[in-house]
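Pasting the structures in now, so scroll down.
There are two complexes below, and they share chain A, which is joined by chain B in the first and by chain C in the second.
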Partner chain A sequence: MSDSKTITALEIGTGKMQVFIGEVVDDKLLNFIGSGQAATEGVKKADIVDIRRAASQAQAAIVMAERSASAQIKSVCLGISGTHIKGFRNVGSANVSGADGVVRREDVERAKEDARTKSLAEGRSYIHRICCGYYVDDKFCTNPLGLSGRRVDAEYWMMHGDNDRIASAIHAVESFGIEVEHLVFSGIASALAVTSPQQKIDGVLCVDIGCGTSDYAYYRHGHIVQAGVIPVGGDHITNDLSFGIRLTRKNSERVKIHCGKANLSEDERGMQFWSLGDKQIGDKKIPLDAVNRIIRARLEELFLLLREDIQEYLTEDGIKEVVLTGGTSNLDGICELAAAVLERPCGKGRFDSSIGEKLRYQEYATALGLLEYARIEGAKSSRKKSGWLGKTFGQLFNI
Partner chain B sequence: MGANLTIRAIGAGGAGANVIKRLAALGLPGLELAAIDADLSALEDAGVENAIAIGGSHTDDMGTGGDANLAKEAAIAHYPKLVQAVRGADVLIIISGFGGGTGSVVAPILSKIASEMKKKPFVVSFSFAPLGLEGAERGTLATLAQNYIRKRSNLAVSLPNDIILARAQVPVEKAFSIANAHVVKSVAAIAKMLSKSGTVNIDFPTLKKVFPKTGEKTFLAFGMARDNSVENALESLAASPLLGKYQNLKAGSLLISLTCGSGFEMNKMQLLLESAAQRLGVKGRVGFGVVTNEKFGDKIEVCAMGTIESAELPPEPAAMPPKISERSIAANEKAAESAEEEEKREEEQAQEQSEEMNSQLQASGADGNVAPPPSASDVGPAPVPAEPEEAPRKKRRGFFGFGRGKDEKEEAAAAQAQQAEFKFMEMSQQRGFFEDTPPNLRNDVDLDVPTYLRKGIKITL
Partner chain C sequence: MPKKTKQSVADWRKLKEGSPETRKKPLSWRARFKSLSSWIKRILVAAVIVAAGSGAYYVYSNFYVDEILSGKTGNIKNIELKTDGAITGKWLGSFLKIPPGAKLDDINIFAVKKSLEDLEQVTSASVERIYPDVLRITITELKPMMRVTVKINGGPRTYLMSPNGVFFRPVSMDRSFIEKLPRIEDARISFDGSRPRPYANAHKVREFLAYAQKLMPEELAKWRAINVRELDSVILPLIIVKTEGGAQIVFATQDYQKQFDRLDYILRYSQQKPLKSIERIDLSLKDRADVRISDQRQQ
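Presenting the complex of A and B:
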């Protein structure tokens, strides 16, 4: 008899609230059964600045999704991002205890425990403590069990955020009686949706350029090596345009969507367009070159900041390719610009062939990744349940 | 002195009358109010007792439709009424919106009358500059009017609407209501300061000593904060749009008026006054007045004004907006609407849009199908390409009502050069949409400030 359960992904993005509901069959098959969406309010740079408005819009999206799937949502897998999220690397060590020098599970657990227990400054909490791999006598391996050595090190990427901001995100959902089952960094979720297992093994940097922030995750050997936030997104481009070409925010957004390009051809350089098109008060001619210079300056800076963060992995053995996703990745010429700055081949996110056509939008990468994350965690939980105890509270903040 | 002091605020044109209407609602004791406009219905709507309609047969008691020539004829025909309005005032506060018809003409005439009086009143002028997007013609008329009135004012404050628009990323209508609110608060602060209703008062002679001459470079800034927070009040003061055109301003002399609740502590007051004086690098005279108001609770309002010793002007002039032949008085009409109504309407509009989006999505998502993300068509139509060989638009002859001799032409040229100073503000303040969020610091750089500005990339429009 097949076993099925419903999982829900909620992305509180700067541009939109996105809810996807899926049905997991036997912890393997994931069927998409419904969705809800609402315009975001009260969120800037991926941080909730007005919890009341944010909660109300999240609820609107949830209600819509419930109707769409004819199902009641009890818990969600919530994506989180924001300028407050930081990360650092931490290594835990343990001596191999066995007389034969073979690494056993207890040694690995001690090394992991050593890495995971680093305390944070007051007011900060862990969002993820991600094991990136192990070293047995300084030699890298993904699974140290059974190897011989004197010392085993566990390397972790520790992601943490501001307590208040995390609480705001959780409260925005729980205020209308829905439990937050998993809290997941959006960058990790997006990477789950748009990169293949092989890419993750070879070394891929996935960058989700959203409205408020750009979230990235670097995978190597199938594990996350580093993830973080560059506090710049599509809203910054719109804001720059409204300053540079003196238009309202709404019109700047329109210009960005229709005329925004990260690269211009020689022919396009001399082109102009009417800002409003009605030739009435306020309408003016805008050179495409001016728009391009503003956008290019912002994106170049974004990729340079990213380059600063991941500099140590821009080696032959490190990042092999860059994948861009998120709404802003739809901008013309952005991949070419990223490839030039990061000196790596760059393309847009590619979705798995099992994902339906109607879902294959870069804007949906985070929500789709959250669904996948919930499915994986659900499968892990089922395996544990088959022991004797169900999931623990600790799972909320750990992988 | 304070009891006998006649402080009179006159609003000229639609924008001026609208400010007067809001001032009337405040019911400030010792402040006489008058409104002058060609549009009789707008004056009636303003509900001010002392309303002077100058339209008459020239405009059939309607607005001038932005025609400065018409406004000039109407003003000259009612010249005695204008003299009457100015006569007897010790402090004359002229409020007007420049760029349109009545405001651009009547306000300078009022300042001229004041400067020619035997007993010259102390003239404070508040003027709203038109939005850059309203076109160069209005801009030129506004700058001519501004220069004229500045020469005849002891304290001239110009509120460039562009700065407000750029700072808050708000629609045109909202920009006007924000501008109104700043001017109303500033006028109220001056009135309170001089009417001796405060705990510590600034007397009229002090005011005259700080601003002894007309035509000097002056500034006025207004700031407010809650929780009795001195730091926030100072930040708000520094970010005041009335101050926005200057960078690293050094004040020659300074007057500070503070309005606070009864619980505001003495040490905080001292800190605020000292910090403000320090920030503005005052070299000359400093005066301050304090008004306590039970209703304020933990709210504080600071109004700083003074002469400018030195200020850095922006590094390069901004490009002038393109010429536009068709004009509309819609912007002026909108300016006359109250800020509260505007804000309410905007909120409702935002809600409607949100509901609209939700219902659209619901319709498409109800059957379990996912709605596609907002596409390019959802943000509005694509901008129309402009033909490069298109003939330049015909320039309508600009006007400012006092002849157009050689002097006027020189004045116009100077005005063109000076207008550039209104386009910039301190770089750290150029955060627009992100203004109400904490600085986005990385490598000691605020990433919310546009990159092209930080990197000095020139954008030619």
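Presenting the complex of A and C:
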């Protein structure tokens, strides 16, 4: 008999609240069954500044998704971003205890424990503690069990955030009776949706350019190596256009979406377009080149900031490919610009073939990744709880 | 550089589980409802656990679980009777007919309880096995106040009436005791099947007898019958007492104190004077008593 359960992804972005509901069959097959979306309020640069307004909009998105899926949401996998999120690499060590010098499970566990238990500054909490691989006598390996050596090291990527902001995000959801089951850094979720396992083994940098911030995650050997947040996003481009070509924010956003390009061909440089399009009073002709220069300047800044963060991995053995995703990655020519600044081949995120046509949009990458994350974690916990006894007691005490 | 402090590893889930600062109040009705239902569930689970625990403790402390489980129950050595009435252990033994050497576990305590409660005199009965060898029977009985003899199926049958007006057939009572109880006469008794329905004016008779018991107990012992034919009268309800000497004493149903004072005076007067054959004393008149002597002289 097949076993199915409903999982929900909630992305509280700067521009929109996105909810996806999926049904997981036998912990393997993920079927998309509904979605909801609401314009974000009370959020600035991915940080919640007005919890009531943010909670209200999140609730609107959730209710819409519930109606769409005809299912009641009990828990969500929540995506979190914001400039308060930081990461660092931490290595835990343990001497190999066996006289024969063979690494055993206990040695690995001690090394992992040593890495995971690093204290944070007051007011900070871990969001992720992800194992990136192991070193046996300074030689990298993905599974040290059975190898010979004197010392085993476990390398972790630790992501942490500000307690108040994390609590606000959680409270915005839990304040209407829905549990936050998983909290996931949006950059990791996006990478899960638009990069393949092989890309992660080869070395891929996934950049999710959102409205308020850009989240990135770099994978190598199939594990995360670094992740972080750049405080520049699509909204900055809209603001720049608003000031640069003297349009309202609404019109600037429209110009960005319809005429914005990160790279222009020679033919396009001389072109102009009507700012409002109705050729009435107030409408004016704007050179495409001017728009391009504004967009390009901001995107160059973004990629330069990103380059500073990941400088140490821009080596022969480091990042092999850059993948752009998020709503702003829809700008024409952005990949060429990113490739020029980061000096790596760059392309847009490619979704798995199992994802339906109507979901294959870069702005859905985070929410889709969150669904996938929830599915993977659900499968892990199902394996732990397998057996009728575990399930019975799990249900009994799930008050 | 942020100041680092020694602390346990902080994880976002700890924020969720929550210290009082981080745990905030629900904003929506849905959350409030969920929170409330969660508390109700917890309380119910706690109540079930407490009830199960109490039940287990009660069973352990009252039902001699060890003895039952070990099978060490023996023959009944004693039937312990507790009653507030007239039933005696001897009568009970003959009624229950428990064979000598019967095992405590072999007694059907529910059947015993039912057979006792089927007796009209018994209002409630509880039967317990006190391991290893005692059968405890606790009975609550109706108390007799008066007696009445009615004809059922052509034959006379004696019923006793409790202070609440309930009629019952007496068991385990001496005939002499029953015959000493005053008879109730001319009561309108209706039947429910073969059993008389409770007497509606019992409370009036009870009040009257309580006064008599309090003020003239020696005289009460001489009363043989109480006629309640006029008790239902709307104009002047009366209670007519018949003494063992054949005299009638008529009482109104109010101001008993005054009437008994008058009766006391009349009886003392009659002893002082040679007026031994009083036929009727009417105490129901307002300011005087009417005494009829058997030689027809009135005083």
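Couple of notes before you dig in:
As a working rule, the second predicted complex is superposed on the first by the 382 of 399 C-alpha atoms of A that agree within 3 Å, B and C clash if a C-alpha of one lies under 4 Å from a C-alpha of the other, contacts with A are read in each partner's own complex, and residues count from 1 in each chain.
By our rule, a residue touches a chain if its C-beta (ideal position, glycine included) is under 8 Å from a C-beta of that chain, and two chains touch if they have at least 3 such contacts.
Note that this is a predicted model, so its numbers are computed, not measured.
In the three-chain model built by superposing on chain A, chain B fits alongside chain C with no clash. Ranking chain B and chain C by residues of chain A touched puts B first.
In the superposed model, A:V96 lies in contact with neither chain B nor chain C.
Seen from the C-alpha centre of chain A, the directions to the centres of chain B and chain C diverge by 100°, a value given as a multiple of 10 for the model superposed on chain A. In the superposition on chain A, A:S68 makes contact with chain B only, while chain C stays out of contact range. Legend: residue contacts after superposition of the two complexes on their common chain; A:G244 is shown touching chain B, with no touch to chain C. Applying the stated contact rule after C-alpha superposition, one finds that A:E174 touches chain C and leaves chain B untouched. Applying the stated contact rule after C-alpha superposition, one finds that A:I33 touches chain B and leaves chain C untouched. In the superposition on chain A, no contact is made by A:I7 with either chain B or chain C.
Judged by the touch definition given at the top, the superposed model places A:V184 against neither chain B nor chain C. The gap separating chain B from chain C at its narrowest, counted between C-alpha atoms of the superposed chains, is 15 angstrom. Of the residues of chain A, not a single one touches chain B in one of the two structures and chain C in the other. Remark: chain B residues 131-135, 162, 165-166, 169-172, 321-322, 324, 326-328, 330-331, 353-354, 357-358, 361-362, 365-374, 376, 379-386, 388, 430-434, 436-437, 440, 442, 447-448, 450-453, 455, 457, 459-461 touch chain A in the complex.
Residues 2-12, 14-16, 22, 24-28, 30-35, 38, 41-42, 45 of chain C are the ones that touch chain A when the two sit in their complex. Looking at the complex, you find that chain A touches chain C at residues 52, 55, 59, 116-122, 124-127, 160-161, 163, 166-167, 170-171, 174-177, 180, 183, 399. On the side of chain A, the complex with chain B involves touching residues 16, 20, 32-39, 41, 44-45, 47, 49, 57, 60, 64-65, 67-70, 83, 231-232, 235-236, 238-240, 242-246, 248-251, 253-255, 257-259, 270-277, 279-287, 289-290, 293-294, 297-298, 300-301, 305, 327, 358-359, 361, 363-364.
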